[in-house]
Amino acid sequence: MGNKVYKDARAALAGIPFDGMTVMSGGFGLCGIPENLIAALRDSGVQNITAISNNAGVDGFGLGLLLETKQIKKMCSSYVGENKEFERQYLAGELELEFNPQGTLAERIRAGGAGIPGFYTKTGVGTVIAEGKPSQDFNGETYIMETGLNADLSIVKAWKGDTEGNLIFNATAKNFNPMMAMAGKVTVAEVDELVQPGDLDPNFIHTPGIFVQRIIEARCEKRIEQLTTRERT
Amino acid sequence: MGNKVYKDARAALAGIPFDGMTVMSGGFGLCGIPENLIAALRDSGVQNITAISNNAGVDGFGLGLLLETKQIKKMCSSYVGENKEFERQYLAGELELEFNPQGTLAERIRAGGAGIPGFYTKTGVGTVIAEGKPSQDFNGETYIMETGLNADLSIVKAWKGDTEGNLIFNATAKNFNPMMAMAGKVTVAEVDELVQPGDLDPNFIHTPGIFVQRIIEARCEKRIEQLTTRERT
Amino acid sequence: MAWTRDQMAARAAQELEDGFYVNLGIGIPTLVANHIPAGMDVTLQSENGMLGMGPFPYAGEEDADLINAGKQTITTLPKSSFFDSATSFAMIRGGHIDLSILGAMEVAENGDIANWMIPGKMVKGMGGAMDLVAGVKRCIAVFDHTNKRGEPKFLKACTLPLTGQNCIDMVITDLGVFAREGAQRRFRVQELAPGVTVDDVKSKTEADVVYD
Amino acid sequence: MAWTRDQMAARAAQELEDGFYVNLGIGIPTLVANHIPAGMDVTLQSENGMLGMGPFPYAGEEDADLINAGKQTITTLPKSSFFDSATSFAMIRGGHIDLSILGAMEVAENGDIANWMIPGKMVKGMGGAMDLVAGVKRCIAVFDHTNKRGEPKFLKACTLPLTGQNCIDMVITDLGVFAREGAQRRFRVQELAPGVTVDDVKSKTEADVVYD
């Protein structure tokens, strides 16, 4: 029986990293990021990563870990505002950066996973995002073409997963994870809770196991970036 | 408070049908079809419908009801093999037919709902499906462009829905329903069970209420096309 | 007297309608949530993947898995649903959101908006702003009428890199409300803050606006 | 002696590998499910929206909401998951399915396949066949070597409208197995049914096949 379960993040990445690889990493801000797999990717020593991730983590956490060690050559993101080391490296010309509107990024990743090499969107028409991209009119409106994205490795974070790789996500920790799972040549998932086949309701599986090649159960710190509360009245 | 709940299928369609309209109707075969809304659409007397549906029902059931009464001008489907009246009308030149590969049809509908007017696929390259469609090479492979689809009205069938329009589907009765809900200017859902907000787990809602404008609870017959069983041994 | 931030938010809230699905940007637009009329059914979308955004949690009840697009901890409502980023932006790009209320650095008389980068400064990224202005049915920009140096931000043409072209339908500033009825129409003064005169506005506005 | 339908299915099942995700077409391909080696983990996809297709239900336990792509009632397995048609074909188009086994009216020596329409006859539609042959990593066509009139179906070029171009990797007929190692390569006889000779095959094959 094909076994997708690995004992920890290091074991789950064994044999996958190579210098110059493209890695998709799930999460929005620090919410729903594969903390353990990011740390294991850093420990693998892999260099010159092109990282596709909506954000760049914060200093010393999330993808910030890989920025500190300069293992990332290029970021493909929609917003990178929370990371000082990122800013330093970028202004020093040590880091390449490709901005994508968030919805375009999400759709490019889904497209990559779905075998769609290009699609048209009106997002970014008339802005710097449109520069150099083919455009076409549909029903009298102009749209630009964006391309599908794939990765050599996708690392994603889920709430529960079974040994077949079926995943479910919790609340807004879902975000980019399901599409990235689809777009990785190899997808490795870390889950809060690893369960047996049949423990997840087949009607409510967010990511079918076909999109997940390796899986680990691991504890996450789950840092909060903007703790915001209201007064009890 | 905006109220999406209607008392029956006839009431839910009131004011929507017009001659020449485009209607998307969910389901695969007779599985997951909006039986009551199809009947109400027939009863509305609307003419010259362009129907987008993976299949065409069977004689006297599903979209077969609208074929019998010749209310359908054109079908946009992937497979129409189970309907004799369809065949008769088509061969007599009374009915237009546009075939789409099933995956292309599904993706065109999703694209329409997602504001994507065109996308590239390798499905159908070198076949009659590619005729007249723009093609483009990506990474040395040829792809054809397909366009997004929208409808004046989408009628869908769900398992449970709440009064906010949030829907969940059961098993393979999901099929085309979620995408069609996204692609209708107006989407009307019929559900086996209408529940209150909070009765559905927000993590496991298949179709968020934003895609559903009207909803009814209605009993379905749920016919089986190919009853296939095995022997107890 | 010019409106306060909260008054601007309250004015923007008057544009809400029963049954609306709305996306609120960061800053003043966030305050609009406090001014939704009682009994009006408005559903807030958070583009990181949620419909039916509830209020901030009580201290100790925060959930790291439940945040809004500003990365603040939030809560659910009975009607809430969660979805992935592709579905979230399918809603936005597909025109399913009724109204987007967002901040701006500049808005031009042709409806262009710039709110994501200042050349020469570190660029944080556009996040979902370009998708929102391109996809949402109606966009309202809320911003101070002038910048810190007293210069107009409602311009003949944007000087900063655009977030979107010809997509703003209404401008609400501390001085008043400016609306147009279509992408080919001119903005017209619809309302002025108490004590603000047309001449006040004219002196602080570069855009060619209709003053009736 | 030529293989029976069930023997053809059994031969096709030898192409399965542990961990494979597989889509089986209607007809002989459906029978392949009966020949999955014990202990081998193979997951069957049904393109109407299911992974982990289980056996037919016992009489009285059928569920109208649970059918396969042939519209037959089926059951779940512990590993099963359901999804919508867009996701189902994202799997197929995106190359996530390891193997598709499908029937054919004609296959050409360049890997073209025709299996969906005969001009002049009522056309039922291609269903998911065009997506499968274009998207799945490896495609095996299973069909009788000749038609009812004894004419070859493994041809120099397809005469019927194509389902897909240059997409078949292996042909299994009642006479034998023909495989190629890449889209630019020729098909080669890999195995013959017991008692079938190369001359038998040559006389019934139009395609330019390598016979070693």
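For clarity, chains are labelled A, B, C and D in written order, and residue numbers in each chain start from 1.
The rule is short, and it goes like this: a residue touches a chain if its C-beta (ideal position, glycine included) is under 8 Å from a C-beta of that chain, and two chains touch if they have at least 3 such contacts.
Predicted, not measured: the structure shown is a model, and the values here were computed from it.
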| item | value |
| --- | --- |
| Set of chains whose contacts include both chain D and chain A | B |
| Chain of greatest Cα-centre distance to chain D | C |
| More contacts between chains, B-C or A-C | A-C |
| Centroid spacing, where centroids are CA-atom means, of chain A and chain C in whole angstrom | 28 |
| Inter-chain centre distance, chain B versus chain C - centres from mean C-alpha coordinates, in Å | 35 |
| Chain centre separation (chain A, chain B; CA means) in Å | 32 |
| Interchain centroid distance [CA atoms averaged], chain C/chain D, Å | 54 |
| Where chain B touches two or more other chains, by residue | 107, 110, 114-116, 121-122, 169-171, 202-203 |
| Residues of chain C engaged with two or more neighbouring chains | 76, 82-83, 86, 89-90, 92-93, 135 |
| Those chain pairs that satisfy the touch definition | A-B, A-C, A-D, B-C, B-D |
| Contact footprint of chain C on chain A as seen in their complex | 28-32, 54, 77-81, 87, 90-91, 99, 101-107, 109-110, 121-129, 159, 169-179, 206, 222-230, 232 |
| Chain B-touching residues of chain C, taken from the complex the two chains share | 18-19, 21, 39-41, 43, 45, 51-52, 76-83, 86-87, 89-97, 135 |
| Contact set on chain D toward chain B in their complex | 46-50, 55-68, 70-74, 76, 82-86, 88-90, 92-93, 112, 122-131, 134-135, 161-166 |
| In the complex, chain A residues that touch chain D | 1-2, 110, 112-116, 162, 164, 166, 182, 196-198, 200, 202-203, 205, 208-211 |
| Contact set on chain A toward chain B in their complex | 107, 111, 114-122, 136, 138-139, 141, 143, 147, 168-171, 201-204 |
